[in-house]
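The next part holds the structures, each set out as structure tokens.
Presented sequentially are two complexes of chain A, the first with chain B as partner and the second with chain C.
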Partner chain A sequence: MKITPVTLKKIKRFQSIKRGYYSLIIIATFIILSLFAEVFINSRALIVKYNGSYYFPTYRAMIPGNVFDLGYDYETNYRALQKQFENDPSGNFVLMPLIPYNPFENDLREDTYPPFPPSLLEKHYLGTDTIGRDIAARLTYGFRIAIFFSLALLAITYGIGISLGCLMGYLGGRFDLFFQRIIEIWTNVPVLFVIIIISSIIVPNPVILLLIMAFFGWTSITWIMRTMTYKEKAREYILASKALGATDVRIIFKHIIPNTIAIIVTFAPFTIASGIVALTSLDYLGFGLPAPTPSWGDLLQQGWSNMDALWIAGSVIGALIVTLLTVTFVGEAVREAFDPKMYTIYE
Partner chain B sequence: MMPDQSNPAAPILSVNTLKMHFPVSGGILRRTKGKIYAVDGISFTVKKGDTMGLVGESGCGKTTAGRTILRLYKPTSGDVIFEGKNLSRLPKEDLRKTRQHMQMIFQDPFESLNARQTILEILEEPFIIHNIGSPQERSVAVFKLLEKVGLPKSAAGLFPHEFSGGQRQRIGIARAIALNPRMIVCDEPVSALDVSIQSQILNLLLDLQKDMGLTYVFISHDLAVVKHMSDTIAVMYLGKIVEHADADLIYRNPLHPYTKALISAIPVPDPAFKRKRIILSGDVPSPASPPEGCRFHTRCPITIDRCRIEEPELTAHNENPNHLVACHRSSENPERL
Partner chain C sequence: MKRIQAYAFFIFTIIFAAISYIPNLFAEPTLPQDIVWLSNSEDPAFSDESAKNGGVFRTAIFTFPLTFRTVGPDSNSSFRGAILGNQLGLIGIHPNTENIIPELATHWAFDKDKKIMYFKLDKNARWSDGKPVTADDFAFTLEFMRSKHIVAPWYNDYYTQEIDKVIVYDDHTLAVVATKAQPDLHLRVGLNPTPRHFFSTIDETFVKKYNWQIEPNTGPYQIADFQKGKYVKFKRKKDWWAKDNRYFKNRFNVDTVIYSVVRDMTVMWEYFKKGEIDVFSVTMPKYWHIKTQIPIFENGYAEKIWFFNDTQQSAQGLWLNQDKDIFRDRNLRYAFAHAMNIEKVIDQVLRNDYFRLEQGFVGYGRYSNTAIKARRFDLEKVAQYMTKSGWKRGADGIWEKNGTRFSVEVSYSIDEHTERLVVLKEEAKKAGIELRLQKLDSSAAYKKVIEKKHDVAWMGWSTSLRPQYWEHFHSVNAHKPQTNNITNTDDPEMDKLIDAYRNSLDEDERISLSLKIQEKIHEIGAFVPTFMVPYTREAYWRWWQLPKVAGTKMSDSLFDPFGSSTGGLFWYDQARYEETQKAMKDGKPFPPVTIIDKTYEPK
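Showing the complex of A and B:
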């Protein structure tokens, strides 16, 4: 398929809206980097050289301490190993990631209690939380979970919304009427309470939480798609296609969806932002993902109850602001670039 | 295959008391509250190779009639018989196959082309829908079509918005003739175009008719255009045909007062020419509640009491059996009217 000049114009226009364009680059970089977070933020070493052989522990099964003759069977403590090799003349070494902590481990000390403030020496660049876990690590892994949770939520709700909305608009009649009433009932269900009730009965894992949120989140996009389809269906080129003998399936996939999808796309960034906010607020209230999962809501909660440890609240609020702002800027730029008024020519 | 091929004068299309009423619904249960009588019992036949003009004011049901004839709307009642097949009763799949023989040209060339498709994709669609040819054969066919309607080959890679209105209408025509149809319903094909372009498009339509032996149902509100194109003319008013006769006959000797009014409104390119203009007062009544009796009686200059009660039938005039008219007073001496 050829990219239509209109689409090309939209892309160009998007690029010309600097705020949105750079926001997209920033957020895309974050997402891609977070995919490889294990390389930057991990308690496992990147490279270990021991007795002439190299080890790359990052993405493989755990290497027990005995491999390095440490005398234990559980996973190697690479930070300790690094210290041990520091004065080793035999050429053995350990290369640790930028932040040598994983988001689950408690870095405790003998003579004091966490949270520990940010420290370059300890490589806790943003400090630790109330049980000694590295905040930078938890922020990064939490971001990864939140953004992919939102993307998955987007995919599911858009999948349902586009297909159902399109059918409602295309078929009309009783089918449309029935689902209109269903949506009206659905939108009046207090979603947050339902999730809280369900979470208090079962401990939700990410998939269950995703399904619950998708279960209540499909209505708005269905509504939009239905209206768009109604509008598109009444246009003459659809009638022309019908006059040629096109089947309903062909009309929907070749004409209606390509012509409505441009509008649907403009809503996507805002949906992602609201997905992140929803997950964070559920975690904040303690009804989100189960306990050790790195999450921003959990950090926010800790920051709120430990206002003297300002680095906790400060980091998570900063991260939230940057993420939501960039996503929203992208959304605004997309919306502006897709504004049909820019391209309609009245002759 | 074609039952009427032996007899060129046989009708390719006959429409019998076709009605298309649109329900008006309301309330939370969307009950039907009323109806729009868009087309309310029209009958006519079109001979193969002929052009029938269908004229009338805006909102009289011309476009609906055209679309219902092609079975784009499911008629409320009545039959449309195209080449011996009753389209109202045809199973869905048979109807879909029959569509390649009857096509439509739309009024608005800006609306009738999908803005997201190239001209190649638009013109390829008829072949894809009916599974004709390989991709290579299809693009050859598209180039031939472009040539036929007077567009360059380079047009294939462009998008609709890169063309002028007249060029787009040519694309619309190319799409309609792609599958060698036998009948085309032209729904005001030139009324959205500049006057200078109109004649080019009309001549293209006439040339294609000659080359391909097409039958046209030509819908328009422009009497001058219809006169140029048509063999017979049917005049519609509020969902009904009020007069139907050969084109020159209807212009020379209009019998229905509505037709007379329409014809008196055609501009004549002669400043010295003086004639009596018949000015109709008022608007067309709402098709949701058409008047009792003759539908035209609210605006008719020659109404009598009978018109308010009894609806006139479309019948042959006593002087010429080929001249159909629906008026109680059509047989009276025209000098007195």
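Showing the complex of A and C:
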């Protein structure tokens, strides 16, 4: 892929804005790490050596306890197995991930009731929630869902918004007028309420929730693209390519969109942040993804109703602040790097 | 001429005959001679003889009632209980023996067909305005409840469909006729009187006119004063006609009861801590275990009681839809039941505050089959039943057969139950069954279940005095929407038992059928019972006193000031009040008190 000198300049400029640059590194690391969360945070062991053979349970089908002669058919409890092998002279061992809990299991105990405070000994580094599930695990898996949900939402809304906005700006006339009115009506629909009503009737799985949110979320970028297209359309290079006989499709995709990409990119991080917030608030209200999906909103809700267990609210609020802040910093830096004023050439 | 005479004579005869017949038309109906009058002065009294009169009992309500009417629009608020608690019926039910006891009637009798019940009124019975209670007041109840002007369709319907008529023999003798023979006739026809002299005529102005009128009553207290939005004050009648009645003696002891409006639970708790209200229900685990760990309890100024009762328990649990392929197979239903680790939820999530419900009809006295035990969490049994039906564990550990996984949707609607269900889900996974939790808004959940679209419904039913089987388990109600047979139970043998139960008028036969039906329900296995809460827990300041056995089998509150059946057992101890006040001033503690009364704990 060839990078144009202009793009290169923008990237250089972005790198020079330290706050945004490091934020990007941080958030990218988070995303990549969360992709492999099963390796770091999981109740399944990384490696088990038993009677001379090695097992790698992480990404494979469930290994029942009987494989390790534990006398049960359900999934091996690797934490218990590890304890059992601790003083085993035969060289059997279990290597557990950093946090040996998955986000669904309830670590319950006799005579004491969750939420349990953070404990290095139990390896609940951020404590547990009100049903004994590890908060760090739920935060991480919840983050993975939230961020990819947000990215997918971004892709769909921008896909619809950009194409329609471009068409409106480019075609103008009645088409433009008609869709302006449609969008005006559309934006007046109270999205959150509609989602709440819909999800009280059907239980939304991630795909349905995504579609509902995209269904109402595409309008904002449309206005911007429409204005940008109107502006670009009037420029000489468009007239030139028209004179050369380029089709409308070619003009839109080859000329207009690439020239407005700066705007799109600038808005993207903020849209991601608002996607995360929307999903979290829906979960908080109990209308988001179905239980027991790990979710930040659910944790926030638990934190709110259990203020004496500060580690719940603390963890999730901390995580929200870090994520939203870094995403916003990236957005700011992108905006600055793409600021056309730096390169405007006055004729 | 002769002819005319003859004609006149004929007419005269007819007139005469008619006249002589008229007294017959207006004659008093006569009481059948062959009836046997019954009464009850043998059952034990359940109040405490050391109870003293006096004191002011302050309690709180969330909202001020919208009306003092007990029928018609806006009347179905919780405060209605306080008003109706002071309206006696013809007869009552003894809360411990469940026998009939006198209230307004001293004697009663049944006809042979179990359709009519006769009553003799207590001649001393008086309305709160001093007028005597007469048989006509019961006839008026029927007129009143059937009137369109009270805007209460449910009552209009009930008093037309269930009660045929009231026959008045004299001022103190009457009969209530049911529309059909009833095995538990006394539960249907024990009417409350309605004061005719107070309402005179019922017309379309009723709803407005009687909104804030205080209706005369026959019970121990009457509203003395109120300020809308703030409080309602009840005062004990100085010379209540029934105060020496065997089953009312030593009850209803406080002089004044004040209900104040406190709009929030947390604020109510603060009021209790300050002593502004006298008792607080601490049934919820958060209150019983955590919030009561404060000085007033540690110093013994306030006390706690955990009182077990033995009343009808709601059939709470998992209802399996037998029209779904998976649950057609009985082995799979059994396996599902054995995969539910209810004990773990009770033990490690619910702080052992809940109890295992063994079957759907617990607490119905002799009608409950106590031999039935719910299927316990047992992985081996799950494996046995599953392999018997030819299922195998798949790669993810879930049972599979011909490409179908044992994965079912559990529909529920209460947010607080999520934590119970996620534990069940994790445990069921061990047993090789996947639960997909589906939390719906309560009306959406209701719709889904009542249209029989669920796999598994997580819900409970309200209770009634006798077990109701027909609506839940008869095949008439299976395989169609809008009926309560949500398991789609369709079993000819069950139908036979239920029909016999419904048609029988003999109590012993009904009881034995009831036990058999419960066995059959257990055998079908489409209902997995979960929890019950067979108790009430209260916190109270130490100058309030309760009987040695603090309540009755049927008490769902120990500090209900009214209620002819179980209310008003507590009393105020002036000496203890002064002692406590002094001790609080001097900072002198008492030993903390937590009473656990297991007299009526279900076994």
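As a working rule, the second predicted complex is superposed on the first by the 344 of 347 C-alpha atoms of A that agree within 3 Å, B and C clash if a C-alpha of one lies under 4 Å from a C-alpha of the other, contacts with A are read in each partner's own complex, and residues count from 1 in each chain.
Throughout what follows, contacts are C-beta pairs under 8 Å (C-beta built on N, C-alpha and C of every residue); 3 or more make two chains touch, one makes a residue touch a chain.
Everything numeric here is computed off the predicted structure, so don't read it as measured data.
Bringing the complexes onto one copy of chain A puts chain B beside chain C with no clash. In the superposition on chain A, contact of A:244 is made with chain B only, not with chain C. By the touch criterion defined above, A:59 lies against neither chain B nor chain C after alignment on the C-alpha atoms of chain A. Once the two complexes are laid over each other on the shared chain, residue contacts for A:255 go to chain B alone; chain C is not touched. Of the two partner chains placed by superposition, only chain B is touched by A:236; chain C is not.
Contact with neither chain B nor chain C is seen for A:304 once the two complexes are overlaid on the shared chain. Computed from Cα centres after superposition, the angle at chain A between chain B and chain C reads 130 degrees (steps of 10).
In the superposition on chain A, A:177 makes contact with chain B only, not with chain C.
Contacts of A:105 after superposition: chain C is touched, whereas chain B is not reached. Between chain B and chain C, the smallest C-alpha to C-alpha distance in the superposed model amounts to 43 Å.
Put simply, chain A touches chain B in their complex at residues 2, 4-6, 177, 235-237, 239-247, 250, 254-255, 258-259, 345, 347. On the side of chain C, the complex with chain A involves touching residues 344, 347-349, 351, 379, 383, 393, 395-397, 415, 418-419, 421-423, 425-426, 429-432, 436-441, 444. Chain contact summary for the complex, chain B toward chain A: residues 30, 67, 70, 72, 96-97, 99-100, 103-104, 106-108, 111-116, 118, 125-126, 129-130, 157, 159, 161-162, 165, 172, 175, 179.
Chain A makes touch with chain C in their complex at residues 61-62, 64, 72-75, 104-106, 108-110, 113, 130-133, 200-201, 203, 286, 290-292.
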